[in-house]
Each structure stands twice: as structure tokens, then as C-alpha cells.
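Right after this note come the structures.
You will see chain A twice below: alongside chain B first, and alongside chain C after that.
Presenting the complex of A and B:
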């Protein structure tokens, strides 16, 4: 397939983004057709976050702090991670279908369309749990923000951190899902592994873990820049210089996702070959 | 051996072999469960140090987390999606024509897939034992009773999973139902945080549900937090949930099956 179809389409960015938003809007219309699924999935996202809140509340009723981090600072960690996960599910959930599409040859007709394949795949699905995740994630973030006594002066930094967190999460998940161009599995194991371990480890301060885990989460698979680094800077646990790493990581994640996807498309040989 | 027992055994073996065919699943399950266990170990080691909290010191917490890992590997590694897919894609219409009880057949398949998680659990426990050297059971009797409570997890996990899967008769997808069930199970079983840390009212709510038998019950027996009559009481409660959930599944299925739609028809 890669030999017969040119991969380099010169598509204006405005056209590509317009296609992306129209595809997402079409997904929203299809969601409304199945209200039971919407409510079950949104409730699942909300309940998961409620239980995270309950976990922290129960833990901090017994301990005063975790590695110097208080209850409200830990809420900021959990909240920002939920927002990043919710944004990924809302804006680029289709990336999870990459493996399935590669096996079934569903990438074929996306290659023939005049729009970037990665955007077409990313906008092919919306994770309904995102509504619950985003709602409760923002609630935890705001509650933690107020409880930690952070002033309005930090709000622009907080909004910037949220935007970067969403981009990093989408980029890293998409890059790891694109590995399925080579390993030919319907399940995106590497991406799933990342979000599962990230969901456990990145809700805790980095100081809890051995040095190797800190190095990996900061510099190898930079998930710490999704929530831990920005929250640590805002809460005064890390120097403000670390904040520079957040947009740099966001840019890296986007380039990585686009690059791995492009390489994957070159390796793509449709179904049955 | 009666005909139905032979069918059960055949379905268990088929499901077991089907799962074993995908060996990458073992590694994946080990990475997921083992990773989660290591994260919890790091957190509790940091919090407990040389002291204790809510009756747990670092020694007992190590054993508790390994018990949680075994339960999570068994329950979260089982093949619930195959049952849900039968309802969602309409295969259930064919199943209804077979001279096999639908619930019993799915139960046999589910238990077969749970048994297939044994290699993952065994390797994980061996690794954890070598790394963390947890204490053994409080007494030999406690060890035996812990094993009994783990054996009851097979039908108990199926009962909860089957009941939740029946919701697929009203929805078009299963993923949200699975997340909801796993979230509730993780929290109320004590996998996320031991129930002893919770306020009294939340502990009461947890123990009124079937979930604590996935971690809190085997851990309490293993660590000697309950005496032999107490352990037998917990096991009896676990067995009662197994029976109750089985009949609840039958009851709900009777109503749910009227909702079956195949490709919109």
C-alpha cells in the first residue's frame, strides 16, 4: 500500500482542522442516539474520580502528608491527571483504534482522503467517560486549588498546565498506539500499560519512588510533565524553571506522535498481505 | 460423570486453552498487576516506615498488598468481554437454542479464564516474595482458610461480573460497565486502601457489599486479624454471596433476555 499511494499530501492546516472538528461533531451526533451508553460511560468516569477523591480523603484522615505533600496538593495531582485523561478521551480517543484498523485494513480508505490520517483516526471516536472524567477532574482541581491556598496570580499558569497536559497525554498515547503498525495486535498494550501505571504512580509525589522511576517518568516516558511537574511548581515543591519542560514536552509529544504515525504508515501493508 | 458436568469441564478447558494461547497476555498481566503492586509498595513503605497505621505495619502491609495482587490478577484477568460480546453482537440468540444453560456455560468459561491467570499470579507472587519477603500466614489453619476464601473468589467474581454484564441488554457497549464495576471493586474490596483506614460508616457500607471478600477477607484471615470462628464466619458470608448472586443472575436474566436485539431487529 505504501508503495502505491503517496503519503505526503499537501493539506492546508485550516482544512485539516476543519475536517477534524466536523468528524468530532459527527461523533457527538451518534452519541446522542444511544443515551444509555452515554450515561453509563459518563457515570463510570465520574465514579472512578469520586473514588479517587474518597481514597485521598480516607488516606489523609490517617496521615498528615505524603512526602511533604498535603491533601489539597494531592487533589491537584489527581485532578490534573483526570483532566488530561478526559481530554484525550474527548479529543483523540480514536487513536486507540489504530491496532484494530491496521489488522482489518481500515487505514486503506483513510489514506485516499485528502486529510492527515492521524487526525482522521484520532477523531473517529469519542470516549464517553470523558464527560465524567473532565467534570470531576475539574472539580478536584478547583477544590484542591482553593484548599491549597493558591492565589489568582497562578491561574494563567494553571490554565497553561491544563492545556499542555492535554496535549502531552494525547501525543504520548497516540505515539504508543501507533506501535501497533508493527506489532499487529488489536489491543494497544503499550498505551494501556502507560496510562495504567501513570494512573497509579503519577497520583503520588515523585519523592516516593526510587531514582530510576523518577528519571524514567521525567526523561524517558515524560508522563511526569502531565501533572506532577506543573503541580509541584505551583505548590512550591519544585523550582519554577521546571515549568519550561512542560511546553517542551508537549511539543515533543506532538512531534513524536506525528513521526511514529508517519513511519507506521510507511510500514502499513493493508490486510491479508 | 453426568452430561452437564462433562459440558462444564469441556467449557472450562476450552476457555483455559484459548487464554493460554495468547502468551503475551501473561506478560501484560504481570506488568500491569506487578506495576500496580510496586507502586503501592513504594507508597506504603514511605508512609509506614518503622511505625504502623490503623493496625498495619510494613510487615503486614507487604503481605496485604501481595494478597491484593493475587485477587486483582485473578479477577481483572478473566475474560468478561467474551460474555458481553455474546449479548452485544447477538450470539446469545444462537446460545438460547442450545441445550445448555446460558449462565452455567458462561460461568464455566469464566472460571476457565480465571484459572489461566495462575501463571501470571504465580510468577508475580514469586517475584514479590523474593523482593519483599512478606510474613507467612498467622497459623497453618489460617493458611488453609485463606486458600478456601481464594477458591470461593472464582464463583464470586463470576456472580458479580455476570450480573453487571446483563446491563448490556440495555446498552450497546460494555466498556463503561466494566470500568464502573472495577472501580467499585477496587475501592470497596480494600485493594486501593485497606478497609481499616476508612471511617466506621464507610467500613459498614463496604462489608454490606460482596466486594471486601476479594482482598479484605483473605488478608484478615491470613494475617490472623480474625480467629478461626471469625474466619469461618467470613467464609460463610462469602459463600452466601456466591449463592445469592447466582440466583440474582437468574432473576435478572429472565427479564433482560426479553430486551435482546440482534443487529437492530
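Presenting the complex of A and C:
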């Protein structure tokens, strides 16, 4: 066909990413044009983060520090985790629908289009709560940054940590949601467990946990690299060498997500036969 | 050279083999057993460029599974598929540019976006030029009345609107091979007519079409060739007209007589034909075996002896033939 791109067996990365951003941009345009649910959902995301802030404020009104971490450093932890969660909801929320799509056979159409299925699924939906999570997450992060007395020299590191946190979060959630290609459940249980682990443990310094939890969160399900490791490095609680693990984990998360999705698509047998 | 060729195409699925109820579920948990179910069984199919093929069969016959194998959605358990010389599963991306797919039971529209945005996303995905996109949208609008709901969110569309929008999505990149799985399911008569007219035009322009439908009017109006599938195997493959000629051997003439029809007397007078009362007292239906009598012979004899006020020939119904094929009353 004269008017199609000269694609053969794979999609050029630039074309695939352009398609992905267009899908997201179209969703954002639609949300702006039809904002019925936006305010409710965005407020829900914001309120959840306000509660986190209130919890930390109350906690630090009674204790001076937690394992040597002060209030503002803990705000950095919670803020970066919220940003990562908000980024997942904004940039790759569709991955959470993998299980439902597998059960209903909704992957079918995506397999007949000239674009990577994982990007089509990831960009199929935007979580409206992301706007509230991102806004309050950034507010907590900036407030913690200023309160912790971090200078502007660390800003590039902070931005780098935010970018890596978003990629790691999206990658790990997508990989765990892709497990539903095999277990055929509409609920992304493993991804929920990861979020639960993050919500329960990754808002505190690693030092408060036993070694097993530290090993799991650093090397098995490397969620510590989303927020704990970069904040610990920035705040001077860990050696700067640990920061190398952040982009490495981001790359690992992307490769893992793409790999598990690819294997999942091989196991996909549609619905209604 | 065929645009699509499937050889010994087979697809099996594994299903849990367990007794019903809670007890059966518990037993299956301890002792897992599976049965292999063959959905498509060694099907051979070749479609030439420009052909319009109806792929029909009863529920569970393997139609949708075959379409999924031909489009590359599923991997065959055995056998091969080639679409324009490519394996649609392993060469998915290249194949996607040449095929258009519509599953009537599902939508490919982005649920939270206006129809126009879905079409634009597909335009970019397939790399359709601005000029071609405009021309195709104008044509779809003319034939399918897309304009009225282009700004509407997909989730607000009626079924008929959704199907028309999905058809536009399937064809926005002018694919050479189009698969339509139940494209008229749940639609009212006027939308069905419009869709069929559109599909006829598509075929006239040279697009190759594989259509599955339970609505046999879709098939008769759009397709020239029919493949009947049952229990995963091909029960018939050939021109629709040939299917009718081969299997429809009983034809019918409706006669309107000047006065009330005395059916027993007529049956006695013309025992070589079948006789039945029509809807009106003066109407009678005469059936005859087309392999024994020509229509001219029958009409000549009856008009000469009965001098009917009016008469009409009943067109043979393909629906009846397919029903009998499904029921196993007819053989290949």
C-alpha cells in the first residue's frame, strides 16, 4: 500500500512512541473537553496524599526522627512514591486492565494493528486520580526538599530520580499485571500486592525492616529503587553508588515488562471459542 | 496466487475436565485433568484476490476461531496460514497493514474518546496520508453517515452507530483483505441494508472479503462463494449459486386461480406435483422436482389447463439448505 509506512516485522521505536503519546494526548484532550469525573477522581488522589502528609505531621510531632530520618526526608519518600504512582496512572494506567482484556478477548483487535500491544494497552486509559496524586506528590516532594535543606545542585539528581521512579513503577506494574495472561483473573492481584508493599513499607527507611524485607525490596521486587534508594542517596543516608541502581532498575523494569508481555501474548488464546 | 491460503489448519484448546459442583471443583484442585477440544480441524482454504467469501456455520462450529487464526490473533496448533505470502502470527506487524478486521461483538474504538479521535489514532498507526484519510472519511460519511456521530464519545453510541464506526476503523487504511465477523449482529433492517450496500461496493472495488454471519441475507447479498463449516471441518465450499442448484431441487409456483382452489381435486388431477393451499382461498402452491421437470414445462402445463389469474415463482432459499447441512441431512 502506497500510503502506509514501510514497516516489516517490527515497529520503529519512534513510530511506536509517537503512537503512544498521541493516544495519551487524545485522552487528555477528551478529559479536558468532558471533565465530568476529573474533579472527583483528582480530588480523591489529592485527599489520599493529604492524609499521608497529616499522618507524617502527627508522627513527627511525637518523635524527632525515624531511624535517623527527619520529617522532611520522610516527606521526600512519600512525595516521590506518590509521583511514581501518579505517573503510572497517567502514563500506563491501561496495564491494570490487562486481566480484563485477556478474559474478554479485548487483546484481539490490538493484535491486528501495526503497533506494540503493550503500548496500546498501556495507553488505552488514563487514571484521573493521577492528576491529584502528581500535584500533591510534587508539593510534598518540593516541600520536603526545601525543608531538608537540599541545595539546587541536587536538582538534576532529583529530576533523574523522578524520571526513573516513573519508569520503574510503570514497568513493574505492567509486568505483574501481565501475569494475568496465565492466571486469567480480572484482578491484577500481584500488582496490587506490590502497591500494598510500597504503601506499607516504602514510606519508611529500609533500616526499620528486617534483612529479608530489605533484600526483597532491593533485589527481588526492586521497589526500593522507586523512592527509598534515591531519597536515601539525596539525603545522605546511603552511598552515592547506590544511585546507579536506579537507572539499571528502570531498564530492567522496561525489559521485564516487555518480556513478560511478549510471553503472555504467546499464551493468549482469546475468548469465545 | 491466493491472497489467503490455509492448509490443514487446526486449533485445539485445553479445557478442565471436572465434575460439576463444589465436590468436582475440589477433586479437580487435587487431581487436575484436562480434555483437548478441537475447535478447528484440518481446514483447507484458499481465497483468491477480489473474492467475497461467506464463512458460515452453527454456533460453536469454529468460525470465529478460524478468523482469529487467519488474522494472526491465535497460533495454529497444526497446519499453516499464509496471507499475501506471510504468516499472520509471526509476521503480525507487516500483516496488520494489509488486513482489516471487524468483530461485531466487540469494538475497537477507544471507549473514552470521540469517534473522530479513534479514527485519527488509527490513521497515524497505519501511516495513512492526510489526503487519503480525508478522502476515505468523506466516502465513509457518504455511505455510512459517520458525520452525525463523529464528535460523540464511543461509549455514548448506539449499536448501529458503533458498528458503522468500527467498520470505518477496519477500513481506514484501505486493507486488501478484510475479515468481518458478524458485522450486522443486533442491527435494525435499515442499518443492515446500508452496511450490505457498503460491503457490496467494497467488493466491487476489488477488496477481498471473508464474512461470517448468521444472517443469511448478508451472505446472499454480499458474497459469491460460501464455505459451510460444522464441528471444525468444512461441510461445503463453493459458489452460492452452485449450492442452491445442487441442493435445492424442489421449486415452487404460487398460482392465484379465478375461484376457490380445490386442493384435493388438483392433487388428484396432477399427481406428479405437490399441492398445498395458499394464504388466500384462491391461492395454491405447487411444488415440483427441478430434476424431473423444467420450470417451462410446469408453467406451460398449469397455465394451459388452469388459466390462473396470476402466478409467481418462489426463489429457492439458501437458509433451508444451510439448515439441512447443519443438521447433517445433506452431504458434500
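What we mean here is this: the second predicted complex is superposed on the first by the 257 of 273 C-alpha atoms of A that agree within 3 Å, B and C clash if a C-alpha of one lies under 4 Å from a C-alpha of the other, contacts with A are read in each partner's own complex, and residues count from 1 in each chain.
Keep in mind that, in the parts below, a contact is a pair of C-beta atoms (placed from the backbone, for glycine too) under 8 Å apart; a residue touches a chain by one contact, two chains touch by 3 or more.
Owing to the predicted nature of the structure, the values given are computational and were not obtained by experimental measurement.
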item: Partner chain in contact with A:216 - chain B first, chain C second, else both or neither; value: neither
item: Chain B versus chain C as contact partner of A:269, first or second or both or neither; value: second
item: Touching partner for A:125 - first (chain B), second (chain C), both, neither; value: second
item: Contacts of A:258 with chain B and chain C, given as first, second, both or neither; value: neither
item: Touching partner for A:157 - first (chain B), second (chain C), both, neither; value: neither
item: Chain B versus chain C as contact partner of A:34, first or second or both or neither; value: both
item: First, second, both or neither for A:106, with chain B first and chain C second; value: second
item: Chain A positions touched by chain B in one structure and by chain C in the second; value: 34
item: Residues of chain B that touch chain A when the two form their complex; value: 24, 28, 31-32, 35-36, 39-40, 42-43, 46-47, 53-54, 167, 170-173, 175-177, 179-180, 183-184, 186-187, 192-193, 197-199, 202
item: Chain B-facing residues of chain A, complex; value: 34, 36-37, 40-45, 47-48, 51, 54-55, 58-59, 61-63, 66-67, 128-129, 185, 189, 192-193, 196-197, 200-201, 204, 207-210, 213
item: Residues of chain A touching chain C in the complex; value: 1, 3-5, 7-11, 15, 18-19, 22-23, 26-27, 29-30, 34, 104-109, 111-115, 124-125, 266, 269-270, 272-273
item: Sites on chain C touched by chain A in the complex; value: 11, 13, 39, 62, 64-65, 68, 71-75, 91-94, 96-99, 101, 103, 105-106, 108, 110, 112-114, 117, 120-122, 124-129, 132, 153, 173-174, 176
